[in-house]
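Shared between the two complexes below is chain A, which has chain B as its partner in the first and chain C in the second.
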Partner chain A sequence: MHVPDGFLGPQTYVSATVVGAGLWSVGIARVRRQLDAVALPRVGVLTALAFVLMMISIPIPGGSTVHFGGVALLALTFGGWTAFVCISLVLLMQAGLFGVGGITSVPVAALLIGFVGAWTAVAVHRLLRGLGDRVALFGAGWFSVVVPAALMAVVLGLQPAVAAGSDGRPLFFPFGLDVTLTAVIVPHLLVGVGEGLLTVMMIEALRRIGVEPVPAGGRA
Partner chain B sequence: MLRRLLLAAVLLAAAPAAAHEVQHHVERGEAVIVTLEYADGVPLAYEEVEVRAEGEDQPILLGKTDVEGRIAFVPDSGTSYVVRAFAQDGHGAQVRVAASDGEAEMAPVSSSARGTGGVGRILLGVVLILGLFLGLRRIVARDGASPQRISQG
Partner chain C sequence: MRHRLFVLAYLATAIGSGFVHDPWVLAAAAGVVLVLAGREAGRIARRAVLAVGLFVATVTLAYAAFGWWREGAVDTAWILRTNLRAFGLTALTLLVVARVDARRAFAPWPGLLGLITVIGAQLRLLQRELEDYRLGLRSRTHRRANAATAARHAASGGAHLLGRALHDADEIALAMRARGAWHDRG
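For the complex of A and B:
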């Protein structure tokens, strides 16, 4: 879901920047207040892992590629706000330093992948906890990918309606919802399986070294 | 007489028919070829493409990439162009083709298609992230930990 520049109209990315600015200020304040010198390097390691996961493309049938994200892993270990801030940092670095995704699409991606993805993981984990720990972790990972993907499909699919020229021709992403909902969501149903398994394995590995998932009350 | 009249009728009918004919010219010249591929080298084949002169709304070309993920167009001297390729799943690229003394130069702006690859880039990113967080740790440690701060593990 690294959307290039020129795919989203200014109506979309300016709105996302305004909303994102408010959420980033809240998120950064919470992270500064709640993370200490012991937690910061660990957050850094998981943020670096998220960066690596997002930089490794996995080919899928049809010629396209997908990638994992590590959002649920960050959210369940250090909280939704920390995950949002860290994923935003990763997306900004990828676009600004490496040209992976457009700089104008960073706010939209941060809101969907970082904010929605992280809090979806936290919420699903709490909801499914009664079904067993591994089910809850897997569900958190799966939904943290699929829900943002579905929303990204909506954002992309609305571009022809949001921004069209005088002749009705789309000025930005040209495909409507009838195309994007299928094209974006279906591959991510499979990506979610991998993300779910990754979340289960990594959280269990972290527990073995004494890093516990976020408690029910939530954290930064 | 009848033959002459028939011949005249045929010639008169041929003239309007020629007006519907599409003339063609085949010539060889210089074109800009933009090749788009995913990080693993798979071409961005048969995907929607548009080419616009920079700053213009009207595309000079609408079409699809070929089987090799290529799009070709003939640039005007001194004009820069923006090439956009759209895959249905949101992948694609926006590429600026700069004009310099009549010769086009490739200048990629952004692309999800070249989104990965390069162990060096990944390592650089990891080092930058770890360096940032270790720097933050030093600052936090120097300022002293607040009692309400979280210490995992």
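For the complex of A and C:
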């Protein structure tokens, strides 16, 4: 879901920056309280893993990219706020160091992938726990990709309506919802399967070496 | 202070660029970025094209084909505007990151700087582990490993890699504690 500069209008990225600023200040304060000498380097490991997973991305004609994210893994291991802050940093570092995803699209991507994705994973995991641990982990991974992708499709698809020139032609992303909803969501339905499997495998591997996910209703 | 001002000026430029739609102005701005890059202009231009080229080309070709099919014409102004804005801003980002000292720019937020440093360190370690693994696979296979072999190898080694990365993380935690990064109670 990396979107380069020039595809989102200022109406979108300025609004996202304003909303994001409030959430980042809350998130950073929570993370500062939560992370200690043991947790911080471990958060670093999983964030570095998310960085690598998100770098392997494939562009799709509907106006975005498909890639794994490791968002559910971070959210279920360290909590939604930590995942949000870490994914925001990953997106910022990818934009700055490699030019992957534009700096103007970082706030939108951070809100969708980091905030919505992380809290979707936490909520779905809690909802599906009764169906079994693996089902809950898989569901958390799948929804953590598909829900942000659907919202990104809406954001992109609204660009021709919210940012058009005086002649009615698009100034930024050119395709409407009729194209983006299909083009962005369908590939992510498949990527979500991979993300779900990855979440199950990685959480189980972490448990084997003694790193337990945060309890439901526990650390934020 | 200078580095923070650079970052603020860069952010203001990035936000302001969304209000400029004239392809000539965007082309001139991209030219200014390359001039400011000096000797690094070629490298930054190449990196910017590699970073956004595939994505922008995909959307541009899709939009051009869509316009041709629907209206029998291609919206060249949109193509120029979007390509120039994407290239110019990406080149500017790469230039600013090359010139600004992140430690000084983020100095007012030590917690965030600590997290960025740890993530950066873990990325280096992960890169080294993956390189070791790649070299190990190459030394054990006669020919270049095909995708299936590489995937099997990655799957079997994933848990081991994660374990090693977490072990390294614990070592880093001990080293940081020994250097007073945390003021432990008790």
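Brief remarks follow.
In this section, the second predicted complex is superposed on the first by the 211 of 220 C-alpha atoms of A that agree within 3 Å, B and C clash if a C-alpha of one lies under 4 Å from a C-alpha of the other, contacts with A are read in each partner's own complex, and residues count from 1 in each chain.
Assume contacts are C-beta pairs under 8 Å (C-beta built on N, C-alpha and C of every residue); 3 or more make two chains touch, one makes a residue touch a chain.
Everything numeric in this text was worked out from a predicted model, so none of it was measured.
Overlay on chain A: chain B and chain C clash in the combined arrangement. By the touch criterion defined above, A:F175 reaches both chain B and chain C. With both structures placed on the common chain, the touch criterion links A:V85 to chain C but leaves chain B unconnected. Shared-chain residue A:P10: touches chain C; no touch with chain B. Judged by the touch definition given at the top, the superposed model places A:I209 against both chain B and chain C.
Shared-chain residue A:V38: touches chain B and chain C both.
When the two structures are aligned on the shared chain, A:T65 is found in touch with chain B and with chain C. By the document's definition of touching, of the two partners only chain B reaches A:T77; chain C does not. Residue contacts after overlaying the shared chain place A:P187 against chain B, while chain C stays out of touching range.
In the overlay built on the shared chain, the residue A:G96 is in contact with chain C alone; chain B does not reach it. Counting contacts as defined above, chain A residues 2, 4-7, 35-38, 40-45, 47-48, 51-52, 59, 63, 65, 89-90, 93, 95, 97-100, 102-103, 165, 171, 173-175, 209, 211 meet chain B in one complex and chain C in the other. Residues 11, 14-15, 17-19, 21, 47-48, 50-52, 54-56, 58-59, 61-63, 66, 75, 77-78, 81-83, 85-86, 89-90, 93-94, 96-97, 109, 111-112, 114-116, 118-123, 125-126, 130, 158-159, 162-163, 165-166, 168-170, 172-173, 176-177, 181-182, 184 of chain C are the ones that touch chain A when the two sit in their complex. Here chain A touches chain B in the complex through residues 1-7, 33-45, 47-48, 51-52, 55-57, 59, 63-65, 67, 77-78, 89-90, 93-95, 97-103, 152-153, 156, 165, 171, 173-175, 179-180, 183-184, 187, 209-212, 219-220, going by the rule given at the top. Listing the residues of chain B that touch chain A in their complex gives 38-40, 42-45, 48, 57, 82, 84, 86-94, 108-112, 114-117, 121-122, 124-126, 128-130, 132-134, 136-137, 140-141, 145-146, 148-153. Chain A contributes residues 2, 4-10, 13-14, 17, 28, 31-32, 35-38, 40-45, 47-49, 51-52, 59-61, 63, 65, 85-86, 89-90, 93, 95-100, 102-104, 165, 169-175, 201-202, 205-206, 208-209, 211 to its touches with chain C in the complex.
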